[in-house]
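Order of writing sets the chain letters: A, B, C, D and E. Residues in each chain are counted from 1.
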Amino acid sequence: MTSLDHLVLVSALTLALMLLFGRMRIAGRLAVVLYAVQFLLLMQTGALLGEPVASSLTLSVLDLQMHWRYDALSWFFAMITIGAGFFCAWYAAGVWQERYREEGHSPRLFHVALAANVLTMLILLGSGDLLSLFIGWELVSWASFLLMAVGGGPAGRAALRYLVYAFSGGMAILAGLMLIYTQTGSLDYARVLSLLGELSDGQVWLLLLLIGGGFAVKMGLLPFHLWQAAAYAETPGPGSSFLGAISARMGLYALIMLLVAMLGIGRLTAMEVPFTFLSARDLIAWIAALTVIIPTYIALQQHDARYLLAWHGIGQGGYMLLGLMVGNAVGSAGGLFHVFTYGITQAALLMAVFAVVHRTGTADLNKLGGLVARMPLTFLVLLFGIISLAGLPPMAGFVSKWMVYRSLVAEGMPLLFVAAVVGTLGTILSVYKLIHNIFLGQLRIEHEQVREAPLSMLLPMLGLSTLIFLVGVTPGPALSWVAAVQASLGLPPVPYTLGGIEDPRGGLDMLWLVGILMAGFGVGALIFFGLGGRSKRVHQLDNYAGGHFLTADVRYQYSDNFYAGLMHLIGPWYRGAFLWLEKALTATVAFLSAVMNGFYRYAQPALFVLATAVALLALTTA
Amino acid sequence: MTELIKTPRTGETLPVKAGKRTNPLANVFDELVRFAQSRSLFMLHYCTGCGAIELPPSMTSRFDMERLGIQPMVSPRQADILLVTGYVSVKTLKRIILTYEQMGSPKYVIGICSCTVNGGMYWQSYATAKKLNDYMPVDIYIAGCMPRPEAVIAGLRELMENIRQGKADSWKDYYRHYDHYLGHQQRLFGETWQTPTDVIAEARHYGLFGPDTLGTHTALLEQHQRPLEALEMKVDIPELMARR
Amino acid sequence: MTKDLSTWLDTLLDELQGIEVRRKSSRRIRVDVQPDALPALLELLRGRASYVHLSAISCVDWIEENEFELVYHVWSYEIGSLVSAHTRIARDPGVYISVYDIYTPAAFFERDIHEMFGVFFEGSPDMSKFILTEWDGPPPMRKDFDSEAWVNAHFDFQDYQPDWLKEIEAKGGGVAVRPDEQRFSRRDVDAS
Amino acid sequence: MRPENYEAQRQPPSHEYELNIGPNHPGIEGNYAFKLRLHGDRVLEGKADAGYLHRGFEKLMEGRLWIQNLAITPRICVPDPVPMEVSYCLAVEELCGLEIPERAQWLRVLQLELSRIAAHLFTFGGHAATTGMYSPMFWGIADRDLVLDLFEELTGGRVYHIYNIPGGVRRDAPDGFLDRVRSTLDYLDSRLPDYDNLLFTNQVFVHRAKGVGTMSREQALEWGVTGPNLRATGLEFDVRRDDPYLVYDDLDFDIPTEEAGDAWARTLVRRKELVQSIRIARQVIAALPSIAGPIRCPIPNPLAWNVPAGSVYTRVESSKGELAWYVVSNGGERPYRTHVRGPSQMHAVQVLEKLSVGCRLEDVAQTMFSLDACPPEVDR
Amino acid sequence: MIELILMPLAAFVIGLAMVLMMRRIGARLQRRVGPPLLQPLWDIIKLHGKETQTSHGLIHELGIVMAIGGFVAAVTLMPLPGMNGLAEQGGLIALVYMMMIPSLGLALGVGQCANPNGSIGISRALTAMLAYDIPMVIVVFGVAFFYGSTSLVQIIDAQQAGGFATWGIAEMPLLAFAGLFAMQAMLGKQPFEIYVAPAEIATGPMVEMGGKFLGGLFIMQCFQLYAAGALYTLLFLGGGENWLTFLIKVFAVVAIPMSIAFLFPRYRTEDVVRLVWKWPAMIGLLGIAFLMY
């Protein structure tokens, strides 16, 4: 029994306990404790800095050995996974779970789904060869589906849509694996790695398309992003946070395995896209950049807070891939670090939004407003979250994005740099809309009696936002993990310090920056509160309205079509340029999902599993 | 009939003690602040009546108010001077009072044109208020129909001088004799008259409370008003509240 | 063209029964018409004689006759003449029919007359108050509304007796006419 | 009646919101309010709200002598007061059957045209300021002041002149006055290229003004639009020429028109009218020295003046459009009824409401200023 | 350490003078006298000395604090003659993002005012930011790429090495032009003054600001003018060899957009975005293309 086995066993135990006791009120707290134990066990594995930790469990299917091991990359992702599970379970443990029960849902199912997600992800992250990777992949897909579907209603429909994507993605991966197997005769990483170099460019392209495409589905990379927003947004509260924080990153993990660990950036740079100037690396970088821009600007048009964040989740994935594709020390570290910073950010943001939903019953940005007076702590969490999401100092998101920018400057990639900044600006616009429409502006009369989020939900939110700030101020410890991951992937490790990045040609020291920023705020506060006269708070109807009296029965909140002026210009582009793609894909997907839906309705879900198993057997016997 | 400058007081009023300065800058540089106040006057861009037609000339190139540090401002929050330019119809008067209450003190009211003094040539009109200082304290009247830009600027200069000497404090009157002003407002607008600004609470908050702040009219107001209290930020966590 | 149209006008005015036409000048025509015939007249003027521009609707309160006189001033750009159609309606209840369907600008004038005189126009698009939205009293333009009395009941006036004036008055100069002797001063200062 | 309601318990769930432009707002002319219902920056509905400047003029005039009323007539429209007093005088003169001496007529024309120049200079500045350009306002109002100086010399008043009385004008032009008018007109002429460079050929301004508040000629006629706004839709009509009063018959001037019917066309029409007014004023200056005679005809004792019973409707062309007075006398010493029809009663209410629907928030103020709406005319 | 106090102070004083210069330039173009010498200072003192002030809540207040504080912090990242401040620790990219903090603070503060005018103003301001930041980052990228560093100290050293010939404006004229264009939009002056727009939205973000709130914005304006001028000077005009040349450059740079501002009306929002994305962004990209090939 190795430490990895302990981890997986405890995770499986969590799942089992949730199955048994999920109905009980204590289940939530139990889950929190169990996730904490998992986290401690993960810490003890030592996979980060030392040698990879192997699992003692190996399986042999026909002549293929399946084994599991944890290296630094796995450790990094597993850390985020368990952390997300921990915070989400905590969020769900108290009042949320009660309300969920009252609304006629099953908390047990939820806890089981969450535990299953954590377990399957841990299994996926531990995969030691392509076959175990694939099996883990399928398990994760099913677990995600379970989590999305527990809510029923629109969530269920979104989950079905996801299933179609996941299914086709899985098939593509299967085909890719088949290709590798026929070429190399093995699915072991080491063997495959040594033989990949002998593959022709065309074969690698095919591999990229099949396996990369399959993984890209999960990550929501363009053009396979359409399923994600609805599926993540409609999932019940903490589940949505969990999915948003880490689930899509499984795709990134698999892509890192494929692109960075197996193929390598060098190989990608060497591969020319036929008839263009671009190399495969440029192509992927551009896909990543478009993944940043397009979903971000779709998010700008959302008027449901959950969808807005979910769309951002897709967009932020682009930064990670973009940073990795730049490939230098700072860039790849930025990409990897963004997985972490974004994970905590998105979890906090969605938790805050769901806390608002918990209190007001709606996430419609046109039906909220002015809640800062009633839910100030939730506001604070959301504020930290959006600053981080938008990549402004002094929060965690700034550091990772700065690293991506810096690497783009250093590598001389102006257009990608501009694309990244365009994405950031779009993010700033839409997150301001988010915070403005929920928390600022006019408080609706029917929300005057709203109270702050319950403590059980507030504490994990506050914990996460503290983390966001701390990581922003002192990114050093987290960067040390990233550097270890880079080392394990064979990338140059990032020259980090406690406060940021060391670079003779322009580094970053967040300790100083945050220090001066706080000092600046101090000076500002001194001027404002010290030198300025006393002020008195007034009611919001005591407001300038062209010299007119405001009346309580009329809405004065500017919320819908918030960026009307901008939309006059770019509005038509949505129809003209972004949406042709979406339309084509949606039509296909709608057709497929109709077929699948019918299939599912009549033939039971078990049939899916059967089909997968048959395909797997067919592969393994081949 | 009432006299022009003097505000009628109910009973004997004690001289109001100079309130505790809440502002350290003002403590140390009292004189400086007063000078700055006199040299920087933002007037509200509100054309309440026909006298407003002589304000553009006084603002623009020929007479150029900005050389005196006077510039127009859009919203009452930003402004120091409320220029009541000419007759005020009853409908406008409500807005002027609203606007006046929304301005930050020290604030000054200048009644331009004869109409603000005594109704002017509209004295028999059912629609216009006659005497502005019934409804709010007026610092300076500039009579004329309409006063020329030179007169407007001369009036403003006099106001500046008054501010510098600390004599222009009629805005305090509004707090200290709120009952008096409210009474006139209620007489014209009816008993249910209420502005969104809570003047009494402000008077308490800033220590501008006087013996005549409250009275029969404010009692009437309290009967009719719907209290518009500020939305204070509440950290109202149910669990913690319950434990307490 | 112009000539044709003016012939049209002449025949039109001749055709109609019960109207009295007075030509005050080459460009001003006064027509007196019964209230029930007025909409038809305007319809014809607009439709057949190109009087497309409703310049104004004036209302006069003839309190002694207990009537409101409504005057519709319509102008033809092509003929170049203005027809003022006068009609009288009973002061009580003061209801008349709207000509909004013939002339769009009538909406404003009718709304104005409604709030100033209290004449209700059936079929006018908006009879809510416009200028006097915050006015609770009677329609003020009626002759029986005494503006001065209302003023005296609701407002005070300044009492302005500067020293320099007193000195002059002591010498026998200054304003010689006492307020109550002035022709247009407030009548009931002492009464109130 | 309370304008506000603090008692509400619910707010309608809506994607729309309300915005008040005015009464205290730089985007409104004078003391007037325009209430907008918007979605994003698109106006769904605009509601005019007047009465802030209501003085009950018509009621007041019923209580005052015929001659006393002269003092309050110009106050109905503040930026362009002269046509008010002239047309009131024309009405009284017509009721009494007075013949106005020719010199008085020419002096009135001079005054009317100078007033038009002043009003247009004022409007350009206001229109430019709604689009964020303040320099034309500073220039225009300073140049307008020179015209006001001329008024002051001629009449004694800068803004309100009360220069006309029934039967003529109060006083003759002082010595050398015509030269000073001429030099002022020369100066204005010399300034016009500056205005062209700053404003009328400024591509940003043209871009902003084109296509804003467009109305067709049919719509304009339907809505009762008059004056420069009507001429901007291509209809060549001017009360001065087509329903002439005073000595406009003898004067030579063009009626500028534009076809587009938008804010830009309206601005251009006014710009061209400015030139025409200067032209008319020059003709008056040239003609006046040769016209001898009294400046007013004899009138009865104004304090006991019983005007013969009757009613009269007089129209003049003000800088904003058709201005008319309906005056009724019952033979008494005070008017029985006076009714003023200002052009803005259409422009500021119905036309503005109709043009604002579907308009952008950015252009609401511009629409109002390009219509040259004058709220005191609406309120009276 | 003393530098960190002196730099914001210097920025504030220079900013005050710039505000005065802007108002004087406007007055000259409008053929009038303009405000007296210390007018900007009197305004700020007066506004802070107001005795009753209206707040719409804590965020309203903190927003202003953030707006001032963000700039106080940001100016320490811009090296002055003889003072490097935190330029070594931050660098160009951090500076650009640091300068967004005040906008964010202001946006939050205005949002709490519950005034639709303010919200529209912020929505327009953010749209304008989206517009001008794109040419801005192109310029920043170009400069950083050309000098191979994101450290402002190194960029200035490289520029000062060879006199005028090595200034950014001589080496990268296209980028310098794009930067000037972007600066006009960044300062929010006509024809890009879309978010104050008194006639449309009653000064937008400032609508509910009175007393020290408005005073804070006035202070922020001083810093903003200074920051824009100084950034441009640092990137293209070789920074300051000494205080005299630095001041001359900074004031000259800021005078350009100010003079233009009084001669134009404002565009509509989408026109601003279109214009800024079209000309300066394209010119900037062209400039980078020249640098790279």
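Worth a mention:
By our rule, a residue touches a chain if its C-beta (ideal position, glycine included) is under 8 Å from a C-beta of that chain, and two chains touch if they have at least 3 such contacts.
All figures in this text were calculated on a predicted structure; none of them were measured in a lab.
Shared contact partners of chain B and chain D, listed by label: A, C, E. The minimum number of touch steps linking chain B to chain C comes to 1. Looking at A-B alongside A-E, one finds more C-beta pairs in contact between the chains of A-E.
Centroid distances built from C-alpha atoms place A farthest away from chain D.
Chain centroids computed from C-alpha atoms place E closest to the centre of all protein C-alpha atoms shown. Centroid analysis (C-alpha atoms only) places A farthest from chain B. For the pair chain C and chain D, the distance between mean C-alpha positions equals 21 Å. Centre-to-centre, using mean CA coordinates, chain A is 72 Å away from chain C.
Centre-to-centre separation of chain C and chain E, using mean CA positions: 58 Å. Our note on geometry: chain A versus chain D, Cα centroid distance of 64 Å, whole angstroms. In chain D, the residues touching two or more other chains are 2-4, 6-7, 17-19, 23-26, 41, 51, 54, 56, 59-60, 63, 138-139, 142, 379. In chain B, the residues touching two or more other chains are 22-23, 25-26, 45-46, 60-62, 74-77, 91, 94-95, 99, 102, 124-127, 190, 196, 202, 206, 228, 230-231, 233. Among the residues of chain A, those in touch with two or more other chains are 370, 372-373, 376, 443, 531-534, 536-538, 540-550, 556-558, 562, 564-565. Pairwise, the chains that make contact are A-B, A-D, A-E, B-C, B-D, B-E, C-D, D-E. On chain A, the positions that touch chain B within their shared complex are 370, 372-374, 376-377, 443, 448, 451-456, 458, 530-534, 536-544, 547-550.
Across the interface of their complex, chain A is touched by residues 3-25, 28, 33, 35, 39-42 of chain D. On chain D, the positions that touch chain C within their shared complex are 1-3, 48-51, 54, 56, 58-60, 62-64, 221-224, 226, 235, 237, 242-243, 311, 313, 315, 322, 324, 326, 328, 336-337, 339, 341, 345-346, 349-350, 378-379.
On chain D, the positions that touch chain B within their shared complex are 2-4, 6-7, 23-26, 30-31, 51-56, 59-60, 63, 71-72, 75, 78-79, 122, 125, 137-139, 141-142, 144-145, 148, 158-160, 376, 379. Looking at the complex, you find that chain B touches chain E at residues 22-23, 25-26, 29, 32-33, 35-37, 39-40, 45, 60-62, 64, 66-67, 69, 71, 74-80, 102-106, 202, 206, 230-231, 233.
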